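Here come two complexes built around chain A, the first alongside chain B, the second alongside chain C.
On to the complex of A and B.
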């Protein structure tokens, strides 16, 4: 049954694909031209390679590049390996169920807030050293170790692993539902294989394709992260992404050329890294075949089981303790070095911080809510179209005597369609933010459109939308369409049925997706810094800006405020359906 | 005196789901368990294979060639299972699927020979490189059985293995499965709700629970 309005939903995916490809392409051109010395606004019109020469002869640039590659690739490698091992040994056990519960709040912690707390933990004067001082170490003053901002970027790498690991696990949890795990384990065990070995040989190779895009996104993110790198990464010289931002914000406009070259270089590093991972995948495919079928039934992995579980627990513990230390610091008044807890407490810094952060918080909330609203509108539009598309396919097939063969073709075609839109939505997550944001900013300057709130909000939307889509798609598409069909027969109005039947029934996942969109917007640093042209400060830019040299107590207050905003939204997403449907048992699931 | 079920009953919340089962299956013989869906047929099979869900408690014992299976995990029991779904691994070719079952320390040449012979007996010569999803339902069912048998199980459990095949195919696959069990000379336990599935002259056990 098709009713008015239903056939027009194609507008949504077309608009989203258009928006994404045009902005990314524009951003790319806006970065490419200045890197070849073409930026008419500041009088550079002769195409030449001079910028690239300047870039590669900039003092310390090699170290910057190497540190970027080292920390980014090490972090990605550790995240992926750990995640696969963790899934293999703990799927569906008690620890896994605990992860399922705690994952959303853990993921909602903005990277910057986590980095601040993590810094308070591992710094020479941090909680970890305090825990063993002076009893074990004899320290009465903080040791002069370089634990934070270490030149190799190790603290940054560890922080990235802790922050990205839960993300990959969450994506995997969604994908694992599509594999027939229970039966596969039965078949494997009946053939004499140990559980761990079945995971490594059969299930992980099948899981990998589902995680490929997310893994690429993790690589791109780890290589190009800025806010965490400012807080935890090396600074003499800093990693490439931080250097690019510094150049971009330099009062001397000529540095914008250098920034363009730098961000393109970063893009190139990301491309090559992803390509290398793809090559490794191909080679592994070739070599793993004989290993999979070598008949070996037992696995070393069983021995490492406790160790891998321990690593998983550590990651979650570090995240939680990073928040706890923030709370303690924010309430501290006097806290001398080897003391484990402050000697005197105070609410002073909360009072101060609440007042001074009011404006940035308002900007953050307004931008977050606006981009999440538009994101939700577009996400639902795209999903509604996808649902209709699938339904039509089914109807056509039913008319022409459905055979098993036809059904399979239909399945394939819909899968292709989903894949296509997923690739588009993943685009902003696969290109370093700074690369195309820098280009967009330059174009906006040229068009005299920089520094408007609407462009700032639009830049957030580019990153909000993909996550909202990923979060909502599975639940939205598995909605029982017989309910909408039934409602259509009664109401005969597409909009009405959506508003009064389908969306209210899907309220919980819709609000959840909204909260995710909001938290993604809150965490944005680079889009706010570049597209906002310094005219807008959000709580995130404030957290990063005050981090250097500020009082730890005020830093803690700011980081906590940043962390609380998404949490409030998630709490609302849980509570609102409970209140609205308190007397509807069918909606309590 | 090969696969023995001695006074087997399965309890859920302290009440048994069927009357105690006593069975002796000799090598090469197939015993059929019949009963309506939900009577606990598949649960009984999972008790024998060692994959009984934790919500159930098992009473009685399972002996395989005189060996008590009680404390052995599923993967140590050496009992093959065949389900109604073929459950072939979609990321490997047919050769990979079959090689997966062959015991460790078999040379590559030997493996190839084993696989080649196995495929020949199933009338699927030259299928080594084929993608499992390109096979028909009957072909998949045969490969699935070959895979179970290449692990050299000492007993075979069949959990409604023919129920998804269409009528004409059913008879063929059934004959193939039964002949292979005879050839391997292992005891087999078949669970089904279709009387047509029972092999001629085999023992049939109706699983039921006395009222009260």
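On to the complex of A and C.
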């Protein structure tokens, strides 16, 4: 059954794929050429490998690369393992319910703000040591321990785990809705398997494909993270991403070439890491088969249950305490070691911060709302197309015997192509930002399109769209189509059915994905800086600027304002359906 | 005879030019009216941001020029952007109209001909600038050539916590002795950060046997021979540093937080008033004081410059001129506001202008001009690059 407008939905994936592949390719070329010594503006026109030689002979570069790989891969591995174990032991229990409630505010905390708070929590002069000093430790001055910025990047790794774990759980929560968990558990229990064993042997392997791309995104992010690495990572030498950013900003313009090579090297590390994960998948597939079918019913996991739950709680706790620290700093006047709380307090910085952040907040809100709106429009368009495509697929399979013809095959091929949209959408999350944003900046300046609000918003859209897609796709695609079919039988208008039946029913997930898109836009720093040509200051650029100074009190004020914006959006996503559907209990879920 | 004639002619021409100045400036002010100036400047300090806001408000009121402070974490970003604009042949309507700059960034801009000018000689308030100061003519030994207009002076000062340290060091070897007595209580920012590099330069100027050689271009054998005392000093110092020299702060700003957290007892800064300012706004306790080493410390200056493709050059000049005015300079020098030393020659001022400066309170932790002394000259810029490279090779592992 196809109605007017329904077959046109292919426009969405085609548009999105075009937009994404062209911009990223252009940005990529803008980085590739300088890395081979081609940057005419500073007089380099002879293609050669000299830049790469310089790059690999830069002092400490091997350590930089190794630290990057170590912290990025360890963090990703821990996040994935911990997430799977956590899901296995606590699905649908009280802790899980708590997570469902707390996850969005936790996710909305920007990485940099979290890193500032977390750094102050664990530093030798930080809150944890202050809690027990000087009474228990006798420390009147902080101990000289390497807890932050450690050369191996362990503090950075821990912070990454804390920040990425909730993200993976959120994606998993969406994807779990698509699996028949209750039935599987029922059958498994009937066969005598322990609950944890059913999860590990049956459900996690089925969940994994849904999470694969998000896991790749986590790997790419952990390897190329900049803001957290500056605050928490090692610095002699720093991790590769930080080094690349430093080179890009070096007054000696010849470092631009080195920066390009560095960012390509980073991209290469991401690619190889993802490929290794792919290999691990294959190997696991081969070796875990016998384990899955060995028939053992009991699980060692039950023993670790309290420990895993504890880890989950710790992660949330650390995030919340990091925010609490920011609140205290924002109200402090003087706060020295070993005082557990400030000795003098002041509202001065809130008064100053509220006034001077007004304009940046407005820019942030307008840009965030606009890009989330467009993102939502495109996401729903793409998902609608995918839904229709899946439906056609099943229809075709039913009567494919007599219909197979050349046309059909061709159609199938384009459809398959369009189906790969997921991979295109994830491109901006898989390629390190710094690798292609600098190239895009050059391109925009050439086209005289830099410094316009519309291009700024577009650059945000590149990162907003994938996250909105991740957030919405599972729920949207598992929508019970019988409802819409019924509605269409009653009223043959695709648009009307969407507007008055399907979307209202999906209001809550739609609003949530909107809030996620908004919070992603709020957090963008590199695109705002490079594409905005300094014409637009958002709350995030303000935070990063003030963080380059020393005053933690005003920094805390800005970071909290930054944190509040997504929080308000998430609160709206929860409250609006409650108000609209106050008299329809079924719609509030 | 002919030569005399030529000189006469050029003198006549010069006289003409200075005549033309006065007229020109009115013209510039007229053109500036209604323009918007995007002033790109580091935005990491609330007091400085507020000062720039104040200056912008006044220029708007007096000259009808709108100033927007584009905050940067690192002015290198801005140099990059102007370079990209040049690469893309954007020769007008660039995104930057005026920028806060000095040192390596200025050198990069000058070498790549990204600067507009010479212009600073045309600014009326430039007449009152202290032209005795060598640091205003040579920005990190690179000739300024009127391509940037002076804004403030800087000099390396150390700060220490009087509640922890009774007697502050007076030389680099004193500092080493301090570190032996209080291991882990001193550090300096990692190279190539501005403050870190300055500390290394200061150490070299104190330790080198023949300081005169620093004003010349460096040669490889010279470098090896003359910097050996520096590396010996650092090799001895590093195991005694904060975190045993395995971790360094990334910026001068971070040093201030470390001092407040009691992590270190001795810190350094480039603004002789910054400690007074930080005490004033509660960022540091009242027990911190500043000092300098016996032979003096390295001093330099910071400037504002106009990029070649600025879309509002007259507006930028009007703002640069305002920043040089006694009113703006005196306010800037006030430790309660910012505490950045003035570039004006107080002797050239009289009447209400002089009073502005007389009224500037002395900061609680600020050294007097006599105590600060004339400041050591910067080493030739080639030394800096060689030093940074060698430091990275030795300690960035």
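To be clear about the criterion, the second predicted complex is superposed on the first by the 445 of 589 C-alpha atoms of A that agree within 3 Å, B and C clash if a C-alpha of one lies under 4 Å from a C-alpha of the other, contacts with A are read in each partner's own complex, and residues count from 1 in each chain.
Keep in mind that, in the parts below, contacts are C-beta pairs under 8 Å (C-beta built on N, C-alpha and C of every residue); 3 or more make two chains touch, one makes a residue touch a chain.
Because the structure is a prediction, the values reported are computed rather than measured.
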Chain B versus chain C as contact partner of A:552, first or second or both or neither: second
Dominant contact partner of chain A by residue count, chain C or chain B: C
Which of chain B and chain C A:186 touches, first, second, both or neither: first
Contacts of A:422 with chain B and chain C, given as first, second, both or neither: neither
Partner chain in contact with A:194 - chain B first, chain C second, else both or neither: first
Touched partner set for A:205, first chain B, second chain C, both or neither: first
Chain B versus chain C as contact partner of A:295, first or second or both or neither: first
Which superposed partner A:356 touches (first chain B, second chain C, both, neither): second
A:249 touches, of chain B and chain C: first, second, both or neither? second
Common ground on chain A, meaning residues reached by chain C in one complex and by chain B in the other: none
For the chain C and chain A complex, residues of the former touching the latter: 38, 40, 42-46, 49-50, 53, 70-74, 76-81, 83-90, 95-96, 103-105, 107-108, 112, 164, 183-185, 190, 192, 242-244, 246-248, 250-251, 253-258, 260-263, 278, 281-283, 285, 389, 392-393, 395-397
Chain A residues touching chain B - in the complex, by the definition given at the top: 180, 183-184, 186-195, 201-202, 205-206, 289, 292-297
List of chain B residues in touch with chain A within their complex: 49-51, 73-76, 78-81, 83, 85, 87, 89-92, 95-96, 99-106, 111, 147-148, 151, 153
Residue ranges of chain A in contact with chain C within the complex: 39-42, 59-60, 63, 123-125, 140-142, 144, 146, 148-151, 230, 234-237, 248-253, 256, 333-334, 336-338, 344, 346, 349, 352, 356, 441-442, 445-446, 448, 450-451, 529, 533-535, 537, 541-542, 544-554
